[in-house]
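Multiple structures are listed underneath, in structure tokens.
What follows is subunit A paired twice: with subunit B in the first complex and subunit C in the second.
Up next, the complex of A and B:
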């Protein structure tokens, strides 16, 4: 027994010096891997797994969808273009009113300033991809009853209930169109300023969007302001709330701040060049 | 000629442009005169467009209409455990879905202290919601995570918030 104990101790001693069994020093089980070489000799070069007769033996892999002479499934029915032009349609990623209220409660958004795409993207929690046909945000009505903030917000799409919920709290909502290039700038303004290119002009909406953005019911930015103020009263009566008077509000200036139809940023004109390093603005000389 | 016409039709000249079609640099006189404004009054609008470099600390408010609330409990409370908030000041309760939503796991992360006591508490809460039916849980003591079978994210998040976490 002595020699057995001696050898087991010896084995344990050896084992202690060896590395642990782990994924890095394992090898596959013998014969668990298929050989990727194809035999060519008398016994290896038989059928190579391709079978004995016909199409299979010749390894004739038919094209996808081909049904050996039948009318293929993909051609059997007439074409119905449900999704015609889907890759060209404008998308508006949703933000719910609850999400917006959380952003305001956790101070990710400053509600004492006008809110636009740049504010939402700068919160770090929302992002916009203009290259993937995203044309801005739509405000959806989830958590509408818990929305209590007084804001001046500019989104790209909003339903009637959402407009009512914002205006009930004494806020202002506006829907506005931005062309893809402007959206690209608004999604990350700091990066744009670092490029050293003057702020471009914002384009007007395309023909199929013009109707939406000139309608006072949608609070479109191209709508007649008088019609909008009239429609605010109509909506207040429809939803049964007293419309707070913006004229008497302490934040009158913030609530009425609006961009020009050609303007990208609040307070900054197109054509200006922002220098973040020297903290200067290059403007056109007025004579 | 036609190419120029087509380009003028496009509302987005930047999309189809390349270095070949861009205008070469003109003599300086061809450009409009500009002035560099130091300390411009509009700089406050630029500052508003710069994102904060860190996640801001939420300022205390009288009410939180969204249902979010700041953390009230300290690390050394009587229950013996602590659930830290995430960097975005949220309660770390998540839903993991596997197999196309067929398996749903509720994950509570960032647990410090007596993780087994928290697991017992959460399990009793879930079993109460399931009318006394048993609930399978798994504890990863090392990483401070508790896995609970089923979707109880809202329930457990509200429970943790009510305890001040």
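Up next, the complex of A and C:
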């Protein structure tokens, strides 16, 4: 043992005298930097790496995908049915559960309030582009074991494991559809309120999305609430946790807060005009 | 610039100070201002911004009156209210549009979204049920066909077995005939021999006759049995 200790001490001694790994004694990866100067003569002169003849020397490169007379690969197969309508498909940019937990822990999101698209976008770290067919966020299961927050969250897509992870902590999760215009409003509410237009109605989901949002298993916002509460218990048994009783929770009001199928913002109804400068709500008087 | 001047003033050599102070004691030319004269502020705005831009900076409406036809549009008026609130002096009524506008939007919505939530759910339920019914129907059809499967399997097996048995019987008969022919000659005869072939033909004929007779006998027996049955 003695010689072992001796040698380890020696190694440690050596290590102490060695320089630390730090920004000062690191050099960039080989070939990661391109020299902006054209070397002359023996410093890479002559042909400058461009070759002797042809398009290399003349720097007139062939167009992308051109195969010098062959039928190009990208034109060779005229039928690609697996891409049919892919430009029209709804996209749901992912947020992981870890990301959500970090957002809550760093006070980017107030977990004592219901969380929706507007909350996520207002955190300043997430953004949504409805014009690029992004239809809201999906909550993915990365870091689900470390998820400890009790939240009331509304996302557009969530897997079963994610739903279980949220409900295990006594939280509530809901999946809801927003049409592109509503998403545009929710992505930057402050900018939209400056337009001085009353809040519009949220559209109902299209036929192919309606199936997802009417299913209690997905906690869809159009699903029967009784079925949802039943499925919560089923999921708790499947994943082996005791379902915390929301009814006895101190935050019962917050946890059960849900938007109407036509509503865009929590607490604000469609048809209201919001003024952020005066902090007023203007309603149309119906006669 | 001021600081430079100050430093220059403080760097007066010590010898000079005496001289300087002696001058200070003497009469210095000075101008006086009266206390109650009103102070006129000098414009310190060097930004060169136009008034409207200054207004925007001060968070008030950029123009007090319309400078362009754009300022008279509904959209601009609405955004004025949205951006500057009550200070903009815009009647928020303009934000809601006219009654005809609202009815137009309602009409458009009734075209783009003709269904209520209930109708949507009902439609979904129906389509789901239809899909389920189609699946059920197909499964039932398959089940019905599968019921006969065992019978079909038994039939096929019997057919295969019969064919095999027939083939075996034919081979066995042929072998028996050959054996008989050989026994007739009393020694081993090549199968290609003429005598052998003749003998085999004879035997086969005999065999066929025997078979025919057996068949006829069976037939006669059957007929007899029938007649006996009828007569009795």
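By definition in this document, the second predicted complex is superposed on the first by the 207 of 287 C-alpha atoms of A that agree within 3 Å, B and C clash if a C-alpha of one lies under 4 Å from a C-alpha of the other, contacts with A are read in each partner's own complex, and residues count from 1 in each chain.
One rule holds for everything that comes next: a residue touches a chain if its C-beta (ideal position, glycine included) is under 8 Å from a C-beta of that chain, and two chains touch if they have at least 3 such contacts.
What you see is a predicted model, and the numbers here were worked out from it, not measured in a lab.
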item: Partner chain(s) touched by A:209 [first = subunit B, second = subunit C, both, neither]; value: neither
item: Subunit A residues touched - subunit C or subunit B, whichever exceeds; value: B
item: Touching partner for A:106 - first (subunit B), second (subunit C), both, neither; value: first
item: Which superposed partner A:236 touches (first subunit B, second subunit C, both, neither); value: neither
item: Contacts of A:98 with subunit B and subunit C, given as first, second, both or neither; value: first
item: Partner chain in contact with A:195 - subunit B first, subunit C second, else both or neither; value: second
item: Contacts of A:258 with subunit B and subunit C, given as first, second, both or neither; value: neither
item: Which superposed partner A:266 touches (first subunit B, second subunit C, both, neither); value: first
item: Partner chain in contact with A:149 - subunit B first, subunit C second, else both or neither; value: first
item: Partner chain in contact with A:133 - subunit B first, subunit C second, else both or neither; value: neither
item: Those residues of subunit A which subunit B touches in one complex and subunit C touches in the other; value: 193, 203, 273, 275-276, 278, 280, 282, 284
item: List of subunit B residues in touch with subunit A within their complex; value: 11-12, 14-15, 32-40, 42-46, 48-52, 55-59, 61, 63-68, 88-89
item: Subunit A residues within the subunit C interface of the complex; value: 193-198, 201, 203-205, 207, 210-211, 214, 222, 261, 273, 275-278, 280, 282, 284
item: Touch list for subunit A against partner subunit B, complex; value: 98, 101-102, 104-108, 113, 118-119, 121-125, 143, 146-149, 179-181, 189-190, 193, 203, 206, 265-268, 273-276, 278-285
item: Of subunit C, residues touching subunit A in the complex; value: 77-87, 90, 92, 95-96, 109, 112-113, 115, 117, 120-121, 123-124, 128
